[in-house]
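Look at the two complexes coming up: chain A is in both, with chain B in one and chain C in the other.
Up next is the complex of A and B:
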């Protein structure tokens, strides 16, 4: 048994192709990004080593800080919205008729491409013929805002589209976790006279705190690297009002061919992602994980 | 109780109505879109909007590119991930934990932090504007999640059948292809659909690596296409619906598997 199942040649044959792919296309490039960040480079001609110049420029670049601020705002709102998703899941996981159908309906936007979602929401926000402003005008609002062209509103307008896209994803995660709670615990609490809200707040939510922690990390990290929808919906505009770290990096690298500076931003994004992941886990770490 | 239902229904309307609205304007003429309430039903459904966008531009070409690039990447990812998971859970070797860890850390790497070196790497290999750059990238970036989902299933498989096969003198390859792989069909379906959704919708890699229409996929294709039809809402709606329909059909057929896969795949991070 052991002899056949520890055949080194077979192991290498099974593991190496995938390993080469992830080292070559994920880890290698990830490290190279930090290295390219030390270069003056337009992507084609030779590179010139400039040391940490790009990183110094980055720290002094107000446009970069503006986009970082937007990324963190999105992360903050996304984390807040988790509470709403949790409440919906608590309701769904109760013995409610049609919960299966609701869950499937909530999930549908998550299956669509960001490009399709972006184009759909551009139409929804269209100042003249869009769904939203037509609704507002029929309710008597005479000059409804032009959502995506308004520097004060654009980020919030995009956030609503993000909410729409990810609602089902988080609801499904919470729902699966809630369904994993043993029925006996809830029954015992009922016998002790706890009402549904107490059961939800004092028993169910603490029992799935591990999953909640994971979703907090997912929401924050996901927001920090958010790109597709913003790039298609507004391209970071108007006047940088919806620029985020990833879209700023993409612009610098692939629109203005400043690959060194783009790499510096990308490396910053990687580091901040890792730090935030670590920090969130540390801060939300419970003394000992709940045991059933 | 009624209050709870009303809340759930409001969320459901928020989630589904934008798509119903999209479907409505995909069947309208410009006169209807601009002259009537956006909530009105199409007077005389113009299915020809769909025929027009399908035959007019390159949408059909983008569509078939999406299909074959998605299928090729999904098959490659599932095969390679199954090999790795089999070697890690079924075979005995030093370093298997380390290799598994390497794959799992890959879940956290944002694609943007690898994008620029990947671009210059494919440029050197002459793979920029070549579909192989997409297939390889999709496979690499989907391997960690796919392995993670497979892993949970492999741990539950009984070892006895494989042990009996070894006693009978079966080779490892035969065990893998004829015994273990067929037993994993249910979870392979789940990972396939999750991979399919990801690849079908992928935007950044196509937008960066592919420049000629010949190899564009639907996500980037519709983006350019819509640029030419700025004011023709019917055409835009039809184009978007064409890009959405395959995923919706897959979802209707396999929705339980998708829900399962998202729940299984979510506990990463």
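Up next is the complex of A and C:
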């Protein structure tokens, strides 16, 4: 058996199928996208090579930077919200009554498809018949805002829906990590007279810092390439007030048949995401990994 | 060590061959199938792709099946092979097939802007010979023309739509207002409704083409049908005073509170919901919605009875008349340029268009692009009225976003939303569009 596994040809044979799939389905298309970004192409007729013209246009395109700003804002709020999710998880992981029920409630959004969630929030935000405005009116607000039509509010209205959508995902990750902390450590701290807040802050959170780092990267990367809920709820409107990089890319490539430009945006997005991921990891790097 | 690499290379080559073989399998089968049928009694196969699945468009689907059966029984040497996809998938697949030059022999397309990239890629065959021959004078004027590029027609329309202004008679009566003839009267109606706390107009402008129709009508009534068309086909300018005035009039409606609260964030379907729930008095929408107001059992009978429609009011001193409509042909049929059975495909298309025209109104509630004789058919009154209006129409202006290229249409639609959202002035509104149009010249 050992002899077989040390045979390089055999190793290659075993690795090959996965390698072909990954290169063919992931890395290949990525490079192709970068290549298409150098073309003027409507998606079907002949391609014309235009060099880095698309990328130059991109850098000078105020609409692109507007949507990039929205994507980064989303990344910022998503990262901030992680703190909230962490607090919820700390409470749920403690021995409180009904934590099991709450865990399930928080998980529900994860079970719904994005389109269903979008429809749900469209109904909630409906300016005249919606739940939110009916509530506001019953509390005496005479002209509540039309959330998805107001260029100043629409972005934040959607963020709330997105944060709600992902709450369960992060809470479950934190919850699982917290449950992995040995009970003896918490007991020892209790004997030393630490109160629950101290235990959470000084013991539990540092012990799961590795997991927290992973979630920060996930939240940032996920926000930068976020698309579906925004596309269904507003299509990037009104007037680009909720446009993000991915929805702008889709609009350019598929609505205006500018595949070259769309590909350039996609490739640019890839590079931004790689840089931000690298930066995040650099900034949150710590030397010693926690060992129980 | 060397022989290891050799093996590896061989293996990669083998794997690539396998993958390619798997990809190519489909077309191999298809071509061998054709050969077989070709040798066995000269049966020719027409591949036909359409977008009316049995589940979601039952009546359409059945008419198509019926036409194909009839055609096949008339032509024993021809077999029609059907592939059906729903709308969005259909559009995606058509794009993919055309990039690999494997379009079906006959398929469906949309007019003007949609058609353009396919024609420039030399994918669709000219259908001029059908229009000169068997289908001469069968179409309502202006419909087949929407499928022409540089005087060559590449598609034959199956549907024709105009855009009536639907209104709720019960709400009008309750508020003591009459159907307006002029735009001044229309504004008074709006004002009365607003004063009485009733939403005058249901509009879902998240979709933007919905708002575009309002602008198009005002442009037509003020500047006549030419002003907007000329701006788009570049014999005129978008900075035409009539087009500025249309934007100003639209803005005055917005300022009056004529449109449903939050319209820029609502989709068309949501807005329609307000109209159906009798929370809004008027709704400007294409005649494809006629079944909603006549035969759709999901809407209560009293509601359907209370829906009427009017022609868009005229603007005093404007060029446009009451019988001019915003509208345009819906889907049409194309024949692939590189089809192996082009002649048969064309013959099938001609047969299909004619049969469709005879059956679609009565069986599916679709107004076909071919002329219809309403005598002796059993149709809801509103259909008959709309058909009669169509026959007397002085002009049909094709939807602006369909007339324009995809990139300019995007600017137009964005500007519509901005105008409705008070984000641009009427001058900026026309300027942006003029720039976009000029840039493409």
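Quick notes
Convention: the second predicted complex is superposed on the first by the 271 of 292 C-alpha atoms of A that agree within 3 Å, B and C clash if a C-alpha of one lies under 4 Å from a C-alpha of the other, contacts with A are read in each partner's own complex, and residues count from 1 in each chain.
One rule holds in what follows: a contact is a pair of C-beta atoms (placed from the backbone, for glycine too) under 8 Å apart; a residue touches a chain by one contact, two chains touch by 3 or more.
Quick caveat: nothing in here was measured; it's all calculated off a predicted structure.
When both complexes are superposed on chain A, chain B and chain C end up clashing with one another.
Of the two partner chains placed around the shared chain by superposition, chain B and chain C are both touched by A:8. By the touch criterion stated above, A:149 is placed in contact with chain C alone, chain B being left untouched. In the superposition on chain A, contact of A:253 is made with chain B only, not with chain C. In the superposed model, B is the one of chain B and chain C that contacts more residues of chain A. Of the two partner chains placed around the shared chain by superposition, chain C is the only one that A:234 touches, whereas chain B remains out of contact. In the superposed model, A:107 makes contact with chain B only, not with chain C. Using the contact criterion defined above for the overlaid structures, shared-chain residue A:169 touches chain B, although it does not reach chain C. Contacts of A:43 after superposition on the shared chain: both chain B and chain C are touched. By the touch criterion defined above, A:184 reaches neither chain B nor chain C. Overlay on chain A, chain C versus chain B, candidates 27-35, 81-89 or 189-197: the clashing stretch is 81-89.
Residues 8, 13, 17, 24, 43, 128-129 of chain A are contacted both by chain B in one complex and by chain C in the other. The touching residues of chain C, counted against chain A in their complex, run 4, 7-8, 11-12, 15, 19, 95, 98-99, 117-118, 120-121, 123, 199, 205-206, 208, 260-267, 270, 274, 279, 406-407, 409-410, 414, 417-418, 421, 423.
Only residues 4-5, 7-8, 11-12, 14-16, 18-19, 21-22, 25, 33-34, 37-39, 80-81, 83-84, 86-88, 90-93, 99, 102-103, 106, 108-121, 136-137, 139-141, 143-144, 147, 162-163, 166-167, 171-173, 176, 197, 200-204, 208, 218-220, 222-223, 226, 233, 236, 240, 243-244, 247-248, 251, 255, 258-259, 262-263, 266-269 of chain B touch chain A when the two sit together in their complex. Of all residues in chain A, those touching chain C in their complex are 8-9, 12-13, 16-17, 20, 24, 42-46, 122, 125-129, 146-151, 154, 234-235, 237-240, 251, 255-258. The touching residues of chain A, counted against chain B in their complex, run 1-2, 4-8, 10-11, 13-15, 17-19, 21-30, 32-33, 36, 43, 88, 91-92, 94, 96, 102-116, 119-121, 123-124, 128-131, 134-135, 138, 164, 167-169, 172-173, 175-176, 211, 214-215, 217-218, 221, 224-225, 227-228, 232, 246, 249-250, 253-254, 259, 262-263, 266-267, 269-270, 273-274, 277.
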